[in-house]
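Down below are the structures I want you to see.
Note that chain A is present in both complexes that follow, paired respectively with chain B and with chain C.
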Partner chain A sequence: MGRGERSGPNMLFLASVPILVFLLLPSLIIIPMALTRSQLIQFPPAGISLHSFADYLSDPQWVHSTVLSFQVSVFAVVLGCLAGSAAAIGLHGRRFRGKGMVTGALLVPIIIPLVVLALGEYLLFAHLHMVGSWVAIGLVHSVLVTPYVFISVQTSLTAGLNPALIRSARSLGAHWPNVLRHVYWPAIRPGILSGAVLGFAVSFDEVVVAFFLQGPGMVTLPVRMFTAIQFELTPKIAASASLFILLATLSLIAQGLLASRRGAR
Partner chain B sequence: MDASVELNVPPPRTSGRRVEVHHVWKAYSPGTYVVRDVTFELQPGEFLTLLGPSGSGKTSTLMMVAGFEQPTEGTIRVNSKDVVDLPPERRNFGVVFQGYALFPHMSALENVEFSLRMRRVPGAQRRRRAMGMLDRVGLAAFAARRPRDLSGGQQQRVALARALVFEPDALLLDEPLGALDRRLREQLQTEIKEIQRRVGVSVLFVTHDQDEAMTMSDRIAVMRDGEIVQIGSPSEVYLHPGTAFVASFLGETNLLPVRLESIDNGQAVVRFHGDVLGRARLPHGAIRPAPGEIGLVSLRPERIRFLDTTQSAEQVADGMLTGHTFLGRHGRSVIQSLGQALAVSTTDAPPPFDGTVGASVRLGWNFDDAQLLVGGSVAEAYRKDRTSARE
Partner chain C sequence: MNRLGDRSRRPWEPWLLAPVCLLYGGLILVPLALILWFSLADGGTDYATVLNSPLLPVVVRNTLVISLITTAVALLLGYVVAAALWRAAPRRRTALLAVILLPFWTGVLIKNFAWASLLQDNGAVNELLQLLGITSTPITLLHNRLAVIIGMVHYVLPYAVFPIFSSMQGIDRRMEQAARSLGASRLQVLWRIILPLTLSGVSSAGLLIFIISCGFFITPVILGAPSDMMVANLVDYYVHTTVDFGSASALAILILLGILPLIFLQQLLPKESMHGAG
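And then the complex of A and B:
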């Protein structure tokens, strides 16, 4: 942070700008495309209008898909947070044979090809007659969310929890629920929050699983966009995509606030 | 000056409870014991120290008393009640850990209140008791501070207050001063001792620092390889060590191999190297060596005197000066005598000889200052030289 590093032309900064533009432009271009006056999605946009947002918000199918996506993601994040933090706490400070395998198994959902997972889950839920149920999609998404929560909670445990605190709380008369509340919870809270934000992002725009497990009236927003782009080419797609950009920006800001609050401590 | 505060505080119990550790063994894996047959009794109000090098089993013993480890065998009783099956949260010990382990997100007051909260003591009473205890350790003005805003010494006192506020059966301290620099250590040693005296709680203290043990304890249990090798008051253990290990772990000593000739008038008649005859104290305790047995005599450097031609002593030995170091408060000389190098520590300055290496000197000491040790093999005592025993 020395002042000397800032003065003068910063070559690194100059070199970063075109790369940043290249990375962000395709996403940001969606916004002017959503503002088109035309009934077709096109670039460059023809004139400026908010009609595609109005169309998007007044189309019951699109609204339903949006609500459904939130529903699925919140469900998946809650389950994933429970499972991920429980796993991280359970494995914390414990040594046993096969611990590496347990950790590996928890991280499999990140590594395994989504198509394979989706196909397997499809067969499973078809057997259970649950294809086309939002619960099924939410359950599979929670499997995808869990490793993210697990990793971030594990990180905050190893970085922020002194194992002697657990012993000290117990010696002072704290039973398990109180140890969880007074020792684990303050230490893992930032980990759960950042894991949840990340997990929400993963679940909200997940297409493959949601596509396999969709049913009549059970189409999540990204799947509807995917379908629409093949048949309709409506600017509603761009309007809803703007929603994704908004959510991503909000979650980035949230992450930044969390990090700065942690840094301030 | 703080009489009003004192009056609000319930009077302290004048003593802790009796804690008995009875034939306790601990093995983390089958057959390899880290604690072997440890037995001791912590008397109400007593300050007992488990002293030993790392790996001697002292912390494992403490952790079993606290309830964090299960003994493989043996019982631990508090006021005659077996507590082995109770988890730590259902025992009633105040534990202070190395590094204190204060809750970082709670203020000093909240830290001290924690145990009372866990015991569902109503809010107002809880706050009053915690404030009273903070006041006792001199931190009433710092009640609202978080641990990170307190100095090392203040954190230590919060940890003590937190461990004392619920009137524990005993205070268990696991090397609480280990991480501090020497000056602060010495200051806190006196503070802990003072707080303990005021509150009147029994203390089980774990350390590897012999000076700390000597300063603070009513009794010291010297541990080695999982066993208590000797237990007694600091002066007993220092002046009458039972084994070569104890003699060399607590302070510095000279160990001289001897053969026991006979026992006469309560003293051992021993033959030193070079057929020099002498006398020594008989070993502490029940061990009665037999004539002909090989043993060691422990002779503290500060108990050996230099004699001039007119002086005499109960025991006299001739030797040759091979080195002398001036250390300020005292001088340390090395004398070749009785077939080995003897350390001699003197407070006389200048030393009563001209200081030339190679000069002939005469040493003297009292029979009572020579402590006969038997049981451990002589060879073993030599392998365990002073430096390795003190770590």
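And then the complex of A and C:
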């Protein structure tokens, strides 16, 4: 019996190993692919060289796109954090009919087909003569970021803040700026941080909206890569993709640190 | 006391929802209204154009077939991984979780680029096949439906694992022990006990994956052939190739009408937390 109990999980684990390799493999090969000496993408790479990174970093258009992507994502994250955490605080501890629907509506940007949203934004910003403006892309990205911040702040509020605490703070005479600063802020800070990290990844990787709203000189890095990939697979694309892998790894580490700090508390 | 507290909160709390309302109103509702308006601007002839287009049946069939296969494969693979996660000892579980969560941090473009590089004629998969002597000349693996499905399954797999895993966590392990001690085989336990108890997680994950799959845009372009075009690509075709915003809008409305019932159904299903493990 005892033996049977053990063999099950191990077989399952063995069966899941190829699936996990399938899941991880693509992320693992990108940096090695960028390090090739050849002008074409090969695996295994033919000799080691940094020329693809030099190609990427010496191309003013690609550098401009990279800077633009950071600019758009930071803008989107700041706005998304404000809107998402305000909404989470506003709904915290309140019970009313239709609250489930309000929460569901907040998550709409996650599930709406991006191409439909992108078309709508194109029609809107064409009307406002703002196609090809980074602010337009940033605004739409902030909508995509908001639900992630909302979920993350809501989770840290339900886990770490009893609504009764706010009632007692209020009944002891605390005004709302003080309630926000001393009661809410410490509770939501980890949630905002982890939502911001996730939101940054969502915005930085987004292609469809940025593709529809692009203009001359307003091409984000993923859109430039998307266009380049359709033409030819080059080590230069792999070099810029390495930046995404680097950011993803940093985000995962940041998230892990946040989670462990939260756990330690 | 309670009521007093609630009343004292009333003046400022609703205002906290104002930024979200402004953002979503201006950047979701207004664009959707514009799509509806553009789709009807020609008195509905754009709907006729879209519905009579010879491309529509092709892209709809592509979308349904590719999404269904993707959903089925992702559920199958996701079930195995979820079960391994469920049965793993705590330390191994943490490692497994990290591996499953890692792909969440890279977007679909980077993943598809990696798959394109792996599957191309001189890519790693072909090199491996030749090394193993399975083939002597490169097989075309890129720019076909199989590549699209591989890329899509890879992207949606984590979405399958978590709902199934959280439905497994609700299973009382004593039930399984009881069945085993009464003589049920391992397969019978899986089929008669575990599978029925995880059905809510499976259906919730399946619906979510199907909804996500139907909206894919990047993957058919990078990994597929022109004949693998999906509905999202047809919207792009109307916008950027024929510059026909009326038809693009009509198609977008049709896509929404097709997907909305699925989204409502998804909301109705018992919630298996997507973020339970995260």
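A few notes on this one:
Throughout what follows, the second predicted complex is superposed on the first by the 239 of 265 C-alpha atoms of A that agree within 3 Å, B and C clash if a C-alpha of one lies under 4 Å from a C-alpha of the other, contacts with A are read in each partner's own complex, and residues count from 1 in each chain.
As a convention for this text, a contact is a pair of C-beta atoms (placed from the backbone, for glycine too) under 8 Å apart; a residue touches a chain by one contact, two chains touch by 3 or more.
Source: prediction; values computed, not measured.
Applying the stated contact rule after C-alpha superposition, one finds that A:R170 touches each of chain B and chain C.
In the superposed model, A:M33 makes contact with chain C only, not with chain B.
In the superposed model, A:S260 lies in contact with neither chain B nor chain C. When the shared chain is aligned, chain B comes close enough to touch A:N162, but chain C does not. Once chain A of one complex is fitted onto chain A of the other, the partner contacts of A:V207 are limited to chain C, with no touch recorded for chain B. Using the contact criterion defined above for the overlaid structures, shared-chain residue A:L24 touches chain C, although it does not reach chain B. Between chain B and chain C, C touches the greater number of residues of chain A.
When the shared chain is aligned, chain B comes close enough to touch A:V183, but chain C does not. In the superposition on the C-alpha atoms of chain A, the part of chain A touched by chain B in one complex and by chain C in the other spans residues 167, 170-171. Only residues 4, 8-9, 12-13, 15-16, 19-20, 22-27, 29-30, 33, 40-44, 79, 82-84, 86-87, 89-91, 94, 104-106, 108-109, 111-117, 119-124, 127, 139-140, 142-143, 146, 150-151, 155, 166-167, 170-171, 176, 201-202, 204-208, 212, 222, 225-226, 229-230, 233, 237-238, 241, 244-245, 247-249, 251-252 of chain A touch chain C when the two sit together in their complex.
Those residues of chain A that touch chain B in the shared complex are 162, 164-165, 167-175, 178, 182-183, 186. The part of chain C that touches chain A in the complex is made up of residues 1-2, 4-6, 8-9, 12-20, 23-24, 27-28, 30-32, 34-35, 38, 77, 80-81, 83-85, 87-88, 92, 96, 98-103, 105-118, 120, 122-124, 127, 154, 157-158, 180, 186, 211-212, 214-215, 217-218, 221-222, 232, 235-236, 239, 245, 248-249, 252, 255-256, 259, 263, 266-267, 275.
On chain B, the positions that touch chain A within their shared complex are 66-68, 87-95, 97-99, 101-105, 114-115, 118-119, 162-163, 166, 172.
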